[in-house]
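Down below are the structures I want you to see.
Presented sequentially are two complexes of subunit A, the first with subunit B as partner and the second with subunit C.
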Partner chain A sequence: MGDAGVVRALRRNAGFLYVLPALAFVGFFVIWPLIQLVQISLTDTSLLGGGKYVGFENYSKAFEDKAFWRALWFTARYTVFITPVLMGLGFALALLTSANRPLQQITRGIIFLPVVIGIGSSSLLWFWLFDQQVGLFNKILVDIGILSEPAVWFTKVDMALIAVIISITWKVIGFGMLLFVAGIQSINGEIGEAALIDGGNYWQRVWYIILPLSLRVILLTTLISVIGSMLAFEQFYIMTGGNPRGQTFTSVYWIYQNSFISFKLGYGAALSIILTIIILVFSSLQVILSNRSPSQ
Partner chain B sequence: MTALAEGGARTRAAEHVSRAAGESRPVRYLVGAVCVFICVLMLSPIVLSFVASIKSPDEARASPPTYLPHSFSLESYIKVFEFQAGLWTYVSNSLLVATLTIVICLGLAVPAGYGLARFRMPFKEAWFIILLAPLMIPYQALLVPLYLTFSKVGLANSHLGLAMVHVILQLPFSIYLMRNSFESIPRELEEAAKVDGSNSFQTLRSIFLPLAMPAIVTVALFAFIASWNEFLSALIFMNKETSFTVPVMLVSVRSGKFGAVDWGSLQAGVILSILPCVLIYLLLQKYYVAGFLNGAVK
Partner chain C sequence: MHMPSLRQAIFAAALTSVALVPGTAFAETLNLWARSSSSTAAQHMIDLWNATHDDKIELTTITDNQMVTKLATSVQSGDVPDLISFDLIFMPDFMKAGFLTDLTDTLGADPNQAKVAQAFRDLASYDGRLYGTGFTPDVSILLYNKDIFVKAGLDPEKPPKTIGELEAYAMQIKEKVPDAYGYYFSGSCGGCNIFTQAPMMWGSGATLLPTSGDAPALEGPGVKEVLTMLKNLWEAKAIPESAEADTGSNFFATFETGTIGMVGSGGFAISAMKANHPDMNFGIAPLPGIADGNQSSFVGGDVIAIPKGAKHADLATQFIQWQLTDEAQLEGLAKNLILPSRTDLADNKYFQEDQRYVVTAQAVGIGQTPYAFHFNDMVNADQSPWLTMIQTAVFDGDVDGAIEAARDAFHAIAAQ
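Then we have the complex of A and B:
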């Protein structure tokens, strides 16, 4: 092949050459690590060395690890409690602010604002608000008569869970809301006038038209939200530190704890694989759902 | 805030709805009041945090706390500026990682989006799916193998290494956005360039890049915010005091020197850390919201 041949070959594959760097990146930084993850999970690798092949020992250890099950269970509980709050409240806020009047638009902008700030910063902010001594959230609750004295939020599992759910709801409620607003507005554009002619009051229209037609957006947003909650880490790392007595470790937190605090990388890798499989169930649902849909 | 309306909004239709709702004046006032109440509720944590950050340190740790400051002091900010290696060290770490993330993300996503949008190639959709695959695999699970590899090749504790992890997070969204953007550019423009004898790279530079600017800005914006805020991998990979990024630094501000939390400094740190994101959001809301609606529910 002469020079001209090389040039022609390059021309013919130009498209692929543009895609190649990104493919190489995904290969090196996602697919290769994933293969390594499987390998590491079959060894007793630790941060201090090791690396002997141990078969499925880490996996059988995981199944007997009460703390791991507790972390999985706690994460599931967190997800089950927070998801309806985020979806229900998000949809209500979307109904409230979907009209394009200035006040509604400003409200939407303000509700969305915490979405762009870091979860580390927001968790530290709420950690302070919830503090028994100096926390203003406690003071407000006492001053308006909901509490008789400042509560200690992070020493009981249920209280800690409620506190984290409040802080995360504040942080991410705008995410679902904005997606719902976009959904509602596209429905109103298409169906609004027909519904107008049919009459019916506002709540009937919400129930019979807006809600059924938003179902796909609601489902997709629910899946995104569930996946996010199943991978929760920062809010618990910062606000509860896994306490009391390790009862608020989430799955990711427990993996972090094993891998990078106890140095058991092999074991951490096995736990990571289990978590990845659980997440894959939800993310494949998400992919199926978004492919089957008419594009927005 | 008008940009938020542009997410597929139709003002006329929305007006219809409110009229159809039989929205009488009292209802409108009620809706307005609820909106104002929610705005106050949503803003209050940030406002309270800001107020706490400008109290004197003594007042900031007073129990019970005060709503309005009785004192004004920038001492908490000064303490954060002088925290350990100095705030500037951590801010410049964060900025460097974010800049690298933006550059690498664009360097990969712009050509990939161009290739996918404008060329015929075998297995195109298969490549596209592989490029979106990181969406399905939680990056949290990849941190163990990445950590081991990075330690071997000297990318642990390095800005470049952390940026690579942040690129993993942002790449699928970025490629998706760039592909859509390049696909929406009319063919005629490309053909005109071909007639002029430009090769595909020249066409990309002279025709496509200027027209794809909004998408490029959106990709950069999201990459910045994701990288600036990312916590877990920064915590794992940047384990030397001087290589901390801002979010990791904040946690050590909380730990304080002698175990007692310096609440004033903590809030000053929180305010400083959210400032860039809030400013970007307020200034570039149009890009942010458009990108968000394009990418979140594909």
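Then we have the complex of A and C:
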């Protein structure tokens, strides 16, 4: 091949060459570990040894593992409860703070602040705030008359779930708010002005203009939130420890228990693959819905 | 090709000869991994060694719950530390997995090894071979608040000697002292309860954890009695409601509030109480059993061993043998009010000023540690059979059903 041929070939494959570094990165850090995970899931690998090929034994065992499915069901419940809270509150805060005036900007900064705190630290903070004997949260609830005496939050599954939802909402609400603010600010201002001239009040503008035109951002934020909730671990590990009686184990918590407490890496890998597939299916559905939504 | 000059050749030969002559080796630096909860004690020992030896030791602190993963990964990759100090209950699993160096010929012949608490010697042996020894022990004891005892009309110098007395005292405290509770335990922490409730069972004669799928489990006197005692105290509200959800975070902190009469705790509590609550009047006693004389404890803390493939195994062995000498045990541990692993040094000059240390150190001698594979699965896991048994028996009130279910689960795990 002559010089001209080389140049032509390079031009033809220029796009591929540009994405090659990114492809190599994804291949090395995502695809290759995923392949290894699949390989491990087909063995009886333990932290203490093993590694014999066992076919799909781990998968068939997983389908009979009631604790895993119970954990998955609890994770789904958690996701269903926390997602509307995060979306609704996040959107409401975005409406309140979307203008670029100093007060709104400062408020945005304050609300976003907990996002930069590690989830482990924030969970530990809330664990003590909810403590029956020294918890400030309990004291406030008693002082304002909502509770007659300090509550033990982590002996009832619903109370434990509410406690975790409160802590996570405080921790991540700023992230959703920021995405919504970006969405709202990207709406052409002339549309709102036209609605104002036509006599549309504030709520009509929110309902008929801002909400529909933010739908793609809402779906994207929902997708991120749902995936994050389905992978919940630290908050339950630190705040509930799976209690009461293992009823607040999440899927990832159960995978952790099997992999690093029971040392069953092969089985833990199989559970991880199953969870990945479940999340992938639901995420794909959301992406399809997202693509059908109107754009500006 | 570049040829070496005569001067270079002589210099190289000199270096080689120095390296080959015994006794002229350069000072080495060894790496010791210790879990975070025992790293302070390990550092005292290391400081003492470094002050008196040419070869130095560096400490690397590993988060408690990452120790197994780190050791397993390091052994499999061949990049291991020279010494490792870890929770002694993992010893059977690590020895069986072949992670550790056989020390039978060296440490086994050391006369000081025979003076180490029996629990450590048992836990560090597998198939008749020795793989480690005690390093920084801790032991479970009964901690009680003398002021609350006085308020309840109990003699503060007479802690309970049986679980019957313990129950009666706890009930009396609940009845006589407003806002105080008789007893406390972390109801959602398997590890805390094997440390503090199990000794009351095996001290009474029970066998708890099976070593194989058909070995005895939860058999003998003590299991039902201790669970029934806890159930009675729970039902009488002599245990705070928060105990049910405590995953171990309040294992010690609740006693520090000054509202708890008695609690199973560890030897570490003495120094912590003296430092944080110098005004609180507290006592130490062995954990009781069914009858007087059944007192026992859980010998916990860390063993020290050499991972297989360690680069400086000989020096590491020297350190392990040195840390059992009188000098190391007394000046490295006892001087810092840390328990020695040798039982003959329990009553030493540093503990004399406070008899509570002596009582605790003596508990090392009467204590046990269960020898079981899959200990994590059976006990430490967040929903382990051991923990489920306690929760079902105490909080749900089904003692017999709880024992039966846990026994089956133990056997299923031990058979793996």
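The rule we apply is simple: the second predicted complex is superposed on the first by the 250 of 296 C-alpha atoms of A that agree within 3 Å, B and C clash if a C-alpha of one lies under 4 Å from a C-alpha of the other, contacts with A are read in each partner's own complex, and residues count from 1 in each chain.
Criterion: contacts are C-beta pairs under 8 Å (C-beta built on N, C-alpha and C of every residue); 3 or more make two chains touch, one makes a residue touch a chain.
Note that the structure is predicted; figures quoted are calculated from it, not measured.
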* Asked: Should the superposition on subunit A be reported as showing a clash between subunit B and subunit C, or a fit?
  -> clash
* First (subunit B), second (subunit C), both or neither touched by A:R245 -> second
* Asked: Who does A:Q36 touch here: subunit B (first), subunit C (second), both, or neither?
  -> first
* Does subunit B (first) or subunit C (second) touch A:Q133, or do both, or does neither? -> both
* Asked: Touching A:G228, do we find subunit B (first), subunit C (second), both, or neither?
  -> neither
* To do: State whether A:L48 touches subunit B only (first), subunit C only (second), both chains, or neither.
  => second
* Please indicate which partner A:L275 is in contact with in the superposed arrangement: first for subunit B, second for subunit C, both, or neither. => first
* Asked: Where does A:N188 make contact in the superposed view: on subunit B (first), on subunit C (second), on both, or on neither?
  -> first
* Asked: Is A:A14 contacted by the first partner subunit B, the second partner subunit C, both or neither?
  -> first
* Specify the partner with more touching residues on subunit A, choosing between subunit B and subunit C. => B
* Based on the superposed arrangement, let me know which partner A:F260 touches: subunit B (first), subunit C (second), both, or neither? => both
* Structure fact -> Clash list for subunit C against subunit B, restricted to 7-15, 43-51, 61-69 or 349-357, contains only 61-69
* Share the list of subunit A residues that count as touching for subunit B in one structure and for subunit C in the other. => 127, 131, 133, 260
* If you look only at subunit A, which of its residues touch subunit C in the complex? -> 47-49, 67, 127, 131-133, 152-155, 240-246, 249, 253, 257, 260-263
* Using the touch definition up top, name the residues of subunit A that touch subunit B in the complex. => 13-19, 21-23, 25-26, 29-34, 36-37, 40, 45, 93, 96-114, 116-121, 124-129, 131, 133-136, 139, 150, 170, 175, 178-179, 181-182, 185-186, 188-189, 192-193, 195-196, 201-202, 205, 217, 220-221, 224, 227, 231, 233-234, 237-238, 252, 255-256, 259-260, 265, 268-269, 272-273, 275-276, 279-280, 283-284, 287, 290, 296
* Where on subunit B does subunit A make contact in their complex? -> 1-2, 4-5, 7-11, 13-23, 31-32, 34-36, 38-39, 42-43, 45-46, 48-49, 52, 60-65, 67, 107-109, 111-112, 114-116, 118-121, 124, 127, 130-131, 133-138, 140-149, 164-165, 167-168, 171, 175, 200, 225, 228-232, 235-236, 247-248, 250-251, 254, 263, 266-267, 269-270, 273-274, 277-278, 280-281, 285, 288-289, 292-293, 296-298
* What residues of subunit C sit close enough to touch subunit A in their complex? -> 65, 68-69, 72, 93-94, 96-99, 188-189, 240-242, 244-245, 247, 249-250, 254, 257, 374, 376-377, 380-383, 388, 391
